[in-house]
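Going in written order, the chains are labelled A, B, C, D and E, and every chain counts its residues from 1.
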Amino acid sequence: MITILAVNQVEVFYHKVIQVLKGVTLKVNDGQVVALLGANGAGKTTTLKAISGLLRAEAGEVTEGNVVFRDRRIDRDLPHAIARQGIIQVLEGRRVFQHLTVEENMRVGFLGLGGEEEAGRILQMIYDFFPRLSPLKDRVSGFLSGGEQQMMVIGRALMSNPKIMLLDEPSLGLAPLLIDKIFEIVHRINQEQKTAILLVEQNALAALEIAHYCYVMEDGRIVMDGLAEKLQHNEDIKEFYLGLNSVGTRKSYREVKHYKRRKRWLS
Amino acid sequence: MSSPAERKMMVEDLALSFGSVQALSGICFTVYDNEILALIGPNGAGKTSVLNCISGFYRPKGGRILFKGKDISRLSTTKRAQLGISRTFQNIELYTGLTALDNLMASRHIYIRYGPVAGSLFLGKARREEVKNRAEVEEIIDLLELAEVRHKVVESLPYGVRKRVDLGRALALDPQILLLDEPMAGMNVEEKEDMARFILDVQELKKIPIIIVEHDMGVVMDISQRVVVLDFGTKIAEGAPEDIKHDRKVIRAYLGKQAKPDREENEPVSA
Amino acid sequence: MWRPCGTFDDTYEKDVTIMRTAAQWAVTIAGLVLLGLLPFLLGGGLITTLNLIGVSVVSIMGLHILTGLTGQISLGHGAFMGVGAYAMMMLMNLTGFSFWLAMPLAVLTSGLVGLFFGLPSLRIKGFYLAMATLAAQFIIPWTIINVRPDLTGGTSTLTVDAPNLFGFAFSSQQRIFYLVMAFAVISVILARNLQRSKVGRAFVAIRDNDLAAEIMGVEIFRYKLLAFFICSLYSGLGGCLLAVWMGAVNVDSFLLHESIWYLGMIIVGGLGSVPGAVFGVVFIRFLEIVSQSIGPPIAGFFPDAIGAAVKSGISPFIFGLVILLFLAYEPRGLAHRWEIFKHFYRRWPFSH
Amino acid sequence: MMSAAGRSIGRIAGYALLVFLVLALVGPSPSMADKPKSLAVAIIGDLTGPYASVVGPMAPGCEDAVKYVNEKLGGIDGVKMELLVKDNTGKAALGIQQYEELINMKPKPLFFGVPHTPTAEALREKVLRDEAIGFFPSSIDDLYPQGNTYGFYALYAGMTATAVRWVKDNWKEERNPRIAIITWDQAYGRAPLIPEFFDYCKKIGVDIVAQELFGVRDVDLTTHLTRIKAQKPDWLLTNCTGSGPVAIMRAAKELGMKTKLLNTVGGGWGTMRLDPALFEGCVSVLHNISYDNETHPGVKLVKQYLKENNRSIKEQTNFYIIGWQYILMIHKVVQSAAAKVGWDKLDTAAIKAELNTLTNWEPLDGIVKVTYTEKKRSSPWLVVYKIEGGKLVPAGGLGGEGKFVEAPDMTPENFR
Amino acid sequence: MLSLLPQFVVTGLLIGSVYALIAVSIVLVFKATRIFNFAVGELLALGGYFCFSFVVWWHFPLWLALLGALMMAVVTGFLVERLVLRPLLSQSLLTIIMATLALGVLLRGLMLMIWTGYDVAFPKNLLPGRTVLVGDVAMSHELLWAGAIAVTSFAALAFFFMKTNTGLRMRAVSEDHELSMACGVNITVVFAVTWVLAVILGTLAGFLMGYRLSLAPSYTPLLALKAFPAVIFGGLESITGALVGGLVVGLIEAVVGGLIDPNLGEISAYVLLLIVLFIRPEGLFGLKRIERI
């Protein structure tokens, strides 16, 4: 297995003050689906943005560590340059260009490599993946349903023939049946296109079903990792999501208070 | 569990939509006096929308909100603030150009009584009112340990401190009910512990109900007396933290539909 | 905060006081005395410019409150000054009111007109509001020129009699200096006080986060209108003083160009700061004069054939260039630089 | 992106520049002897603003005339003239600042040429207060209630009255000629629109059929002309200049109108050069001899100066000649006043006495003709020109081909 | 006067088409970068002057002169974006507005230096044709050309946006900067292209108005003031809106000015603007945004 993407000890600050990532290390092998799980605010999205270069747009920067894609360091590149190398991030929350039609949305994702012919070929492929989009291609995308938008967004990412796709919470706010459908397609893309996928999800079990490997993040750090099959049956995962931290035991927030007070008096 | 007299706020059949998207429907819950009620649910479940409806920022499509027995659903946000409904914000919506002290003082707005002329002269009455309200605010500064940053412009403060100023500003309104929107988001364990302590202190001192929206289950389980769980804009569970932890619907909402407890049930899944 | 190291407050009463030490009082009084002596020390040209700066300071306090504090962009400031100036001139000419009676009435008129044009702020903000004030900037001069040219003089210049205080006529620039500076100092003090009062906090709350302000009990629309009203009071007063300064009114002095540069002054000075607004006025007004007077010498370096051409355009060119460079290197305005200076001064000679 | 060091150097340089600029403001001022070394003469006017194409050439005119006086005439009785030029870019406020700066110089300049109407109006009482003399090209009636202001030429109402009289003089038909007024909506443009002028038109039998006003910066007059066209006028009459006459004639042409324009000072060379074909057949009432009068010695002289000093064709306008007129007039009155009272007693009163008795004075072989009296401080002498083949040629009628004629007295009732 | 209405309508619409060019120039920049370009007037005057120089100074044939002026527009647009606006990209909105104002003053100085403050005019009959009379309605060839060139420009612009990849990317960027970057769009290139296009439209407007009337640094830039109400009518974010807004402003100015009083015509657009702002604050074609906290 070849590692195509490696994130090494990356630290990220926003506005030079707020530290969000505190040394994140992970890797994605060619053709793998890797799931990145964790609670809200753990730094999952920031990790993806550190890879895709979008951090800069919001005054964030990688201060330590590096990101290596196919043996080339990319953490100093601009977002569009990174996209051109084959790393496409699918942003959280079904972000669509509302006033563009479905097909235009897709075409924005096409980077012009291979010309019009290639664009037509990929478009056809996408409509094969998502037959539901085909009749909607001239519809303004703002009027699509949530599921259709999510399909379109994934389709748009495929337009650039990505080597690796960074998927940020594709199931967010979708009905369960649709979530199933989306994951099935993500699985198919991985199987048929051999596209590696780094998947950030809250829907842990669904993600683990299609993932090969899994990382769990908390507070800007990776706190657990392992093969997906193993983690799938791990009770810790469930507990993690319900708030009982798997790393050691800790005091209740109610008791912390008294301890803190005392500490202050002593110091 | 409680007698009707202790009911501070009742949310009845709340419904909200953005265009054709149904954001909330049929939300009902009651907030009892002097309790911490946690509002949880996965991303996009509608928790913040509920807070926005209570504080008057969104106009619900249906249902009512009763506060101390009075229907407030038609009142303006400002009126609601005057009734003592105060809140913090998910993304810290502070007045970035003011100092921490002035942010808190700005919340005393409805209690400070003088006009622009007195303000321009800044003599006598204006000065007395300022000093009087300053004393109130200083209590909060003391409570939240903000003394050191009192005269700092909040823009320059670290994230955790700004979260605290946000809480302080909500308190300076002298609330009858406090709504906290993800007070712990983006904090490390130590900061979370601090914040939890502040929230508990506030409740102990002010004896007011608090609604808290929070993702960190550890915090929710530890500090709240009751939990309301939302998913897809509807309420799916309500109860004590211990019960919620073992509720199948809740586990399913958080872990996804393939969670094992569900398989045994063979419940049909609706689209 | 002006105080040096080692001065602490033990009551909140003291904490709201601006003047804390005897030294501060001494410096302030010395400054005022020096200001009073200026007409005897400086030439007429410089005094005239200082007077214009004083007039602009009065006027800019309004824009400081409206745009700097409340965040409502106004492109109609010049027109509101015009309302004040014309109202005063007409009251003086038609009813024979003295300056001291006509001026307050004119200021009030300006305030009410400003209030009217502030009404759209109920529903709009940002550029759309800026455009509503731009409409004011066109409609007001149009009204002055066209509606009753027999009273306003239309586009002609009408003279304004010099104000008279107990027999002391403010008839020369040296004398006008005292009138203008008195108003400027009072305006600055009032504006500074307003900023630190309840009202000022509400204004900034609206600017920084109107949604949060509303939820925290600030009646947004009322305060936006109040900001428009106060702004127009100051600009009306500025207009009256400008009329006294010129000894005349002409609608040319209240056109879009003026409004834009008033906005420029508070941006260059640094939004939301009274000293910044004052520095902005001084900076722009001097830059105006300086770019005018160094233009010809610079053109002198060029050969005759293009020298004349260079001479005609060098002043605006320098003016624009200096502002652009200023924005690129000091985007936070002169107030920021002033803060750094004060910081340095307070700790001098110990650097931390 | 600049490095941090580069940035701070840039910043320091910026502040240094600013300090330098402020220092540059405070310059040394000369002292005065019995017979002064030089006589300061000032112009404050719109040299680069909206009126620049009109009044701008006055500055070079003055410069060249000062050169002529100092080099060819040996100054005023040996005293050199010194010109102080201030460009107020069309802003009265700036003009006031510049005036106060000049008037506080030692010795203070006695003469102020102010080719910008709002500034001139704002200054009319200040020059009286400061005992200076103002020369204002804006010959507007209400500039002259006080005693220290002079116009370079006739009242504008007098000029338009002359134009109207010329029309009537050359009128062949039974009915009265129909004239439509379209002019600038500011003091200068509106200046002819006074009761005296309308009474005069009625008296000589000319019908004013339309009256439209437009803004100085307004260059699109299609709407105005459409309204005028509906009234079927025989002539258009305006008192505007710069781009104004061009805008009028463009709009008329766009609407397919054949009506020609009567103009005053704006009908001179400066305006016509923008589009000579447009003005073919139009009539201009000027106060100076046309540049197209190639044989006139005065015209030859100024043209020679224009050429020698590399002046562009755009500066060959009547305001260039006004510059000459201004300087030569000062030369004349100061010289005779100094001869009478002596340089040490030379004051405003003495100079005014000379100005007020200036009669039929024709400098440079009569390139202009000036008469002032105590009550009428605007000179009434005008020439009527017609534009033919892109040149200003003397128009027939009014008793004289290319000769000065006296304008009807249009002094308003209250100033007589 | 009512019989003149057809004339006013026709003239108003034709002149309005030039206002529309300027309005679209403003909207293009605003959509892509959120900057309200107050220097648009000076940029269009500059464009007019470039045309003038090519035609009158160097005697280029018109098509070549126009081409040359458009090339200069490309250079200007690029320089403005690169030297003035990009360094200020992260600054506050008011700072950037101020920068466009200062840029305007600087450009005016530059124009005064190169072309002086005197008016200049194009030779007449540069464009073929003469005044056409349809019944009582007169249409000058200048105005007809203005209308024709404006319409062609809009068609070209529509083609560019709907059919080319760059156009598509510009539309994408104007909706969502971050998302566009995530899709691999180089937004700095898009910003530069936007400014270039905006200056090109300004240059066309400057040429048309300059040819119809004349050029001077003092009044040509003021044409932009006609476009401001047009932009707000249409809503700051709609190109169609700007187009319609421009026509409406031209129309209302001519009709109100013609039937009531030309002076009233001058400000009628602003009066209407105030009314529109009261009734429909987001403009006729603007988007209503849902605000969230």
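By our rule, a contact is a pair of C-beta atoms (placed from the backbone, for glycine too) under 8 Å apart; a residue touches a chain by one contact, two chains touch by 3 or more.
The structure presented is a predicted model; accordingly, all values stated were derived computationally and were not measured.
By the document's definition of touch, common neighbours of subunit A and subunit C comprise B, E.
Steps from subunit D to subunit E, minimised over paths through touching chains, total 1. Farthest chain from subunit A (centres taken as the mean of C-alpha atoms): D. Two chain pairs are in question, B-C and A-E; the one with more C-beta pairs in contact is B-C.
Remark: subunit C and subunit D have CA centroids separated by 35 Å (rounded to whole angstrom).
Between subunit C and subunit E, the centres computed from C-alpha atoms are 32 Å apart.
Centre-to-centre, using mean CA coordinates, subunit A is 75 Å away from subunit D. In this assembly, the C-alpha centroid of subunit B lies 73 Å from the C-alpha centroid of subunit D.
Residues of subunit D found to touch two or more other chains are 47-48, 52, 56, 90, 185.
Contact of a single residue of subunit A with at least two other chains is seen at no position. Residue positions of subunit C touching 2 or more other chains: 145, 211-212, 312-313, 315-316.
On subunit C, the positions that touch subunit D within their shared complex are 43-49, 52, 145, 154-157, 159, 171-173, 242, 245-248, 250, 252-253, 257, 286-294, 296, 304-305, 308, 312-313, 315-316, 322, 325-326, 329-330. Residues 67, 73, 119-120, 123-124, 127-128, 130-132, 134-135, 138-139, 142, 145-146, 211-212, 256, 260, 263-264, 267-268, 271, 309-310, 312-321, 323-324, 327-328, 331 of subunit C are the ones touching subunit E in the complex. Residues 17-18, 20, 39-41, 169, 171-173, 175-180, 202-207, 209, 219, 237-238, 241-245, 250, 252-254, 256-257, 260-261 of subunit A are the ones that touch subunit B when the two sit in their complex.
Put simply, subunit D touches subunit C in their complex at residues 7, 10-11, 14, 21-22, 24-26, 29, 47-48, 52, 56, 60, 85-87, 89-94, 96-98, 100-105, 117-118, 121-122, 124-126, 129, 140, 142, 185-187, 190, 310. Contact residues of subunit A toward subunit E in the complex are 52-54, 57-59, 78-80, 83-84, 88-91, 95-100, 104, 107-112, 156-157, 160.
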